[in-house]
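In the two assemblies presented below, chain A is common to both, partnered first by chain B and then by chain C.
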Partner chain A sequence: MTREEVLCDLRKKFKDDIVEIIEKHSKRIYIEIKPESLVKMASYIFKDLKARFNTASGVDVRYHVEILYHFLIEDINLLVSLRVKLQKPKLEIASLSPIFKGANWIEREIHEILGINFKDHPDLRRLLLADDWPDGVYPLRRDYKEWDKNAIRDRGV
Partner chain B sequence: MGKTIIPIGPYHPLQEEPEFFKLSVEGEKVVDIDVQIGYNHRGIEKLSEMKSFDQSTFVIERICGICSTSHPFAYTRAVEDIIPIEVPERAKYIRTIIAEGERIHSHLLWLGLAGHFLGYNTVYMWVWKLREEILDVMEIITGNRNNYAMFKPGGVRRDIKSEDIPVVIKKMDSIVPTLEMLKKAVIDDPILHARTKGIGILSKEDAINYCALGPTARASGVARDVRKDSPYGAYDKVEWDMIVTHNGDVFDKVVVRVLEVFESVKIIKNCFLNLPGGEIDANIMDIPSGEGIGNIEAPRGECFHYVRSDGTNRPVRHKVRAPTFMNLPTCKATVVGESISDATIILASIDPCYCCTERMTAIRNIRGKKILSGEDLVKLSREKTEILRNRMGVK
Partner chain C sequence: MSIKLKALLKSPWVFHLSTGSCNNCDIEILDCLTPRFDIERFGMLLAGSIKHADVLLITGSGNRKSMERAKRLYEQMPKPCLVVAVGECSLSRGMFIHSYNCPIPIDKVIPVDVYIPGCPPKPEAIIAGVVKLIEKVKKGTVGK
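Our next item is the complex of A and B:
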């Protein structure tokens, strides 16, 4: 399968799920999808297109939180990023860990630093933050205010 | 028989870095394992958002001492992907040389430690002596033994002097016979076979399911290497082979790493012989708004960086995913069912790097806890030294 065939295939199969496709350049494609279609599309890309799951990255953009799921289709050197926008305050999305185990840890990380609830995740414990970190405080949210002011001054920003 | 829980870590003589493994054993057999990380968590992703794109390169370099090139390499490629821009040819070759030098010293470091874990300390001594030679080469090329500070978005900071090239090529040639000797000592050793063959097997299906990377995946027969899959730097311009083995046990992981060192020596020599002239820097002035992804093959597998810019001089989001983050969970598939004496080498066989895996934290002042400044810590340290001096009668 070539790059064009993959794109055609995705466009045809997931006509109602795709919101927007941005072709950045020949090696990168960003596809914005509806949150409820994530599991369907991710498992198609992982299992049928034989892609490798790189990782997911979450960004807080004030009114919504974006999660990008990056997949590399190794045979054709194409990095497909599925973009999901979750409107605040209902930050919830289906977990990908039941499909492939590689998503387990990254979902735990996003859960603790951005406060996103992954439905059906087998083990949503803390991964990186300390045990005495208070519940409901998410360090990578834009409204995170627990900074030590002196420390910011010392960084010389 | 009842289950017993054996804790390994967070601080343990066999570990170089803090991590916690909870092994559930029945008799001598491991029946379950739980990994807890987070002891090395420093806040680098958040910190990077407060630095300019240029400053971030230096912060990222300090994620890990061993992968001190992989992270800046992936980061600069992510920043270049935002624009997008191609770096000059000469810079690509220089980057490749440094990345491969790092792969050699990282693989040798692991091989030494693996020998040490198995009680084969001769290998440990030999290998680490050989590793010094590589570090000398890196010092000639970059000026530093580690943390080379050579990368910047758009190119490299310093050029390689033409008079250094013959010296380096001679040095690279001189380490090959020692490497050959080591290869025989490790791969043909009956005791090593007895300790590592057939244990800790990661099947091909599991490697794909856990999205394992680097030598961990290649030892299980998954031909996965970013250098071949999505070539960057000079990897598509020089001759080299991807090493893939099929058993997935600890021995195969050793073999993959030892043979990869030879390939890296080949790549470095080829790069030096074909080094093109010209500029080393594309002189990026502004980073537009947008997002970029950079992935490179670090010694342990793919290192992945995602950078988002909003048009200012600082990244809005900088995500770092180190290879161990994907490789470490595979221990659930490899350690369970093995005997407890083999657990340490199986856990070490993925070449774990915890300071890469854990990057992020934030300082807070909650629940009325006192936060100590740098000066306070120095004061505390001095007081403690004074107490110890008095106690021991040292003036």
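Our next item is the complex of A and C:
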């Protein structure tokens, strides 16, 4: 299956789910999709197109929070990134870890750092942050404020 | 100078601890052990356990989780001991000074005897820092 066939296939199958397709360059495409059709589309790309799940990344862009799920179709060397925009303040999306286990830890990390609730995640515990980190404080949000009274933020010179 | 410190200076065994560095300082420290720089001629060896070490060598900016462990390691070290901070991150946290995860510099948690600046410091700088440390110990200003 070539790149054009993959794109054509996705356009045909998920006509109502895709918001926009950005063809960045010959090895990379971004597909913006509706949040509710994420599971359907990710499982199609993973199971039927035989893509490898690289990772997911999240970013807070002030008015909404984006999550990008990066898949690599190795046969044709194509990196497909599914982009989901979640409107604040309701940051909730279906979890992908029931489909593939590789999504488990990265979803836990996005949960603790950006405060996105992954529904149906088997084990949404804290992954990397310190144990004394307060609940409900998300460090990579735009509105993050320093909470630690003991922190020293000068160089002492 | 006490007999303990005198014995320590003959062959200081080093425990290398990275508290969340980018590994560049760690690579330079490993460079010191290669035949080109060969700090083993001064008797310095990397110790596998903190309980065998005389010098605690810290790299990295010291994040919330690893400083707990660093404190515990310092408590386990046989005293008298020396602490060396290598790299800009362990001195003042460098570019991570405003990071949510690095609230307190290392020298506010553990008493540091010698600071080796640089990002990363060259192996020559690390050797020069260690030589200065040895001189300081001989003068009796550190390592009580």
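Points worth noting:
The rule is simple: the second predicted complex is superposed on the first by the 146 of 157 C-alpha atoms of A that agree within 3 Å, B and C clash if a C-alpha of one lies under 4 Å from a C-alpha of the other, contacts with A are read in each partner's own complex, and residues count from 1 in each chain.
Everything below uses one rule, namely that contacts are C-beta pairs under 8 Å (C-beta built on N, C-alpha and C of every residue); 3 or more make two chains touch, one makes a residue touch a chain.
Since the model is a prediction, treat every value here as computed from it, not as a measurement.
In the superposition on chain A, contact is made by A:144 with both chain B and chain C.
Shared-chain residue A:117: touches no atom of chain B or chain C. Judged by the touch definition given at the top, the superposed model places A:43 against neither chain B nor chain C.
Of the two partners chain B and chain C, it is B that touches the larger number of chain A residues.
When the two structures are aligned on the shared chain, A:74 is found in touch with chain B, with no touch to chain C. In the superposed model, A:25 lies in contact with chain B only, and not with chain C. After overlaying the two complexes on the shared chain, residue contacts for A:54 are found with chain B alone; chain C is out of touch. With the contact threshold set out at the top, residues 129-130, 139, 144, 146, 148, 150-152, 155 of chain A are in contact with chain B in one structure and with chain C in the other. Contacts from chain B toward chain A in the complex involve residues 37-38, 41, 45-47, 50-51, 81, 84, 208-212, 224, 229-231, 290-291, 293, 295, 302, 304, 306, 308, 316-317, 319, 321, 325-326, 328-329, 358, 360-367, 371, 373-374. By the touch rule above, chain A contacts chain C in their complex via residues 129-133, 139, 144, 146, 148, 150-153, 155-156. Those residues of chain C that touch chain A in the complex are listed here as 63-65, 92, 97-98, 100-101, 103-105, 108.
Interface residues of chain A facing chain B in the complex, by the touch rule stated above, are 24-25, 27-28, 30, 52-55, 57, 59, 68, 70, 72, 74, 77, 79, 81, 100-102, 104-106, 113, 126-130, 134, 137, 139-140, 144, 146-148, 150-152, 154-155, 157.
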